[in-house]
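Before anything else, here is the set of structures, which you'll find just below.
Here chain A shows up in two complexes: once beside chain B, once beside chain C.
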Partner chain A sequence: MKLFVHNFMSSRFLKNVTVGYPLELTVKQFEEKDIEFDRENTIVMLDKVQYEALLVAAAAVNQADRIPSEQPAKYDELSDDQLKQFHHILMNIDVVDGELICPETKTVFPIRDGIPNMLKVDAEK
Partner chain B sequence: MNLLLHISSIPGRLWLWFFDRFIMYPLMKIVAPMLAVRFMNLGYWPSTSEDDRKLIKFMDDADDLEEYESDRSHIHLYEKAMSMHPKYPNFQDMEVLEVSCGQGYSLEWIERWHGPTKCLIGCDKVVTRNVNNIVYGNATDLPFADRSFDFVLNVEAAHLYSDFRKFVKEVSRVLRSGGTFCYVDVRYPHDAYLVNEIAESFGFILQHFEDCTEEVVEGLNYSARKYDDLLERAPFFVKLFKKSLRETYCAPGTDGYERLKSGQKMYVAASWMKH
Partner chain C sequence: MSLPTPQYRLQAIRAHDVYEPAEDTFLLIDAIEKDIKEIRSREPQLVLEIGCGSGVVSTFVNQALGGNVTSMATDLNPHALDVTLETAKLNDIKIDVVRTDLFAGLENLVGKVDVLLFNPPYVPTEEEPSTNIELTYAGGRTGRSTLDRLLPRVPELLSPRGVFYLVALHSNDIPSLLKEHSDRMTASVSMERRCGIEHLYILKFVMKEKKLNNDCITAPLACPE
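After this line comes the complex of A and B, so read on.
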């Protein structure tokens, strides 16, 4: 699971969950790839990223220090070096083994072999 | 007489219902890589109508399709679904979700020929291989945040969902305002038009609605030849389910094929914009 996927995920479908976002993330194993950096694509991608969730994801792989703790006002004013840090977190990190956790009910959704299992029937077993 | 025929067909229908849900997908997990089965839909063969012009042009313009030749009719069905999107064939910079992406080959196809998307995520109850950005999830409990996507795609899967209305409600929830939902699936004629009523009840505005049964039957003729051939070469434990598998891909001569051909079932292609 690429780390940016976390930015989209929610446990809102669980009973009694009102927001379910951002999911807590624990990472037991991840791989770092080297996907080619593209300045414009990175800016477009960051444009709709939920920053709070991005910080959660970056912290889960101990790389929160790569990005500012406050959301930058304008991504297109960042340098290439700064954007490369965002690109690295969003695109280069594949979570292989870990857990996603509902922030409200603490229901655990495992990530195995890089695939998060968000099936309610499995989580409620 | 009709009642007797109906009653006598019930065990067969129950078996196919059971087979579709509990045997076929686990079986395909083992068999698909062995038989190079990449797409699991009935297929589509475009007509010369105005509706299919964009699709035909796109396929004509695409080069280097040799590796996809045997999947052409399945890819046509995807292209048919996507061609209802106002931005077709260019989905660059969009956040796209495919609900029921199967083995995920469609994600690779979309990214390669319609991307690079800003983000492309697939969701399925059964994941048969580890591809980037696939999530195990239920179509009626989509594990995504509200208003996350610009485009939701659903190809020939919704007839298997436990609650179609809940699925559409979930699609409406995860789509942004102005986003597009493209849907193709087989339905009974008497409920095909309910699909739009349900979509409208969740804030969707109809953009396109088409009965494309004839084109799907043509697609079936093409794809069934390939699968019949693969079945002949399949391991014995697959051949045990030959009849049910042929029924699943609606090969000529099966009840499913005849139901489509005779109009007892119809194939719907529809798209909506979220208000």
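After this line comes the complex of A and C, so read on.
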């Protein structure tokens, strides 16, 4: 599971959860890939991303220092080097084994072999 | 120019009750190939397939869009996700998969999906499905039990430049499907084909451009944000 996926996940679909976002992320194992960087694609992707949750994901792999702690005003004004750091967090880090945790109910959604399982029936067992 | 059909391993698909690429799969691929220039002109970034099965369609779309897009796919069946990752790898592309029902747990994709793909279980059946393989085709009495759970949420899921491709059967009531969300999306029959007893359709839904409301046009200064 690439880290950008975490940004789109929430546990709002569970009973009695009001926000359910961002999910807490525990990473037991991850791989670093070398996906080709494309400036425009990275900017478009960043425009879809919620910044606070991105910081949570980056911190989960101890790489929050790669990106600013405050959201940049305009992504298209960043240098290639800065955008490459974002690209690395979003696309290169692949979580193999870990857990996504609902911030309210602490329901655990496991990530195994790189595949997160968001099935409610499994989580509530 | 014809785009190649992705490679896939039938053995793995058959061993794990994953829906095998069939006429409906290939009709969806043909429809996307026919529209590929128009889809590219939308400059899509995020592609989501719900119920990816073998992953052949997601792989095709990723390749057809030049590999510059980010592809996500969901399925209930864990074997389908394994096979999708394998199909992606076989074709040297990347797909991120999530095991879930429709897009449960991915609600933050709302308004962000540029290309949405759905080949639902569409076959009218007496009973609701229970096994993995039944889940790949059985659509309940109208054949629309799964589709009718997703359809109401499609307009919110798509980005303003979003497009949605849907596989349907004649017996799913095509005219009513085309009328669904006619206020927010433009619907059309992209392709249709008779395959044995099945009369298959690929329906295409495109987000309408947001229009100014009438008050704004007559009294622009009084228009609230």
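Criterion: the second predicted complex is superposed on the first by the 125 of 125 C-alpha atoms of A that agree within 3 Å, B and C clash if a C-alpha of one lies under 4 Å from a C-alpha of the other, contacts with A are read in each partner's own complex, and residues count from 1 in each chain.
Everything below uses one rule, namely that a residue touches a chain if its C-beta (ideal position, glycine included) is under 8 Å from a C-beta of that chain, and two chains touch if they have at least 3 such contacts.
Fair warning: this is a prediction, and the values are worked out from it, not measured in the lab.
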| item | value |
| --- | --- |
| Three-chain arrangement built on chain A, chain B and chain C clash or fit | clash |
| Touched partner set for A:Arg66, first chain B, second chain C, both or neither | neither |
| Chain B versus chain C as contact partner of A:Lys84, first or second or both or neither | neither |
| Partner chain in contact with A:Asn117 - chain B first, chain C second, else both or neither | both |
| Common interface positions of chain A, toward chain B and toward chain C | 1-2, 4-5, 8-13, 21, 41, 44-45, 48, 50, 109, 113-120 |
| Residue ranges of chain C in contact with chain A within the complex | 43, 45-46, 68, 70, 72, 76, 78, 81-82, 85, 94, 96-101, 104-109, 112 |
| Contact set on chain A toward chain B in their complex | 1-2, 4-5, 8-13, 20-21, 41, 44-45, 48, 50, 94, 109, 113-122 |
| Residue ranges of chain B touching chain A (in the complex, touch as defined) | 93, 95, 116, 118-119, 121, 123, 125, 127, 130, 132-138, 141-146, 148-149, 170, 173 |
| Residue ranges of chain A in contact with chain C within the complex | 1-2, 4-5, 7-13, 21, 35, 38, 41, 44-45, 48, 50, 91, 109, 113-120 |
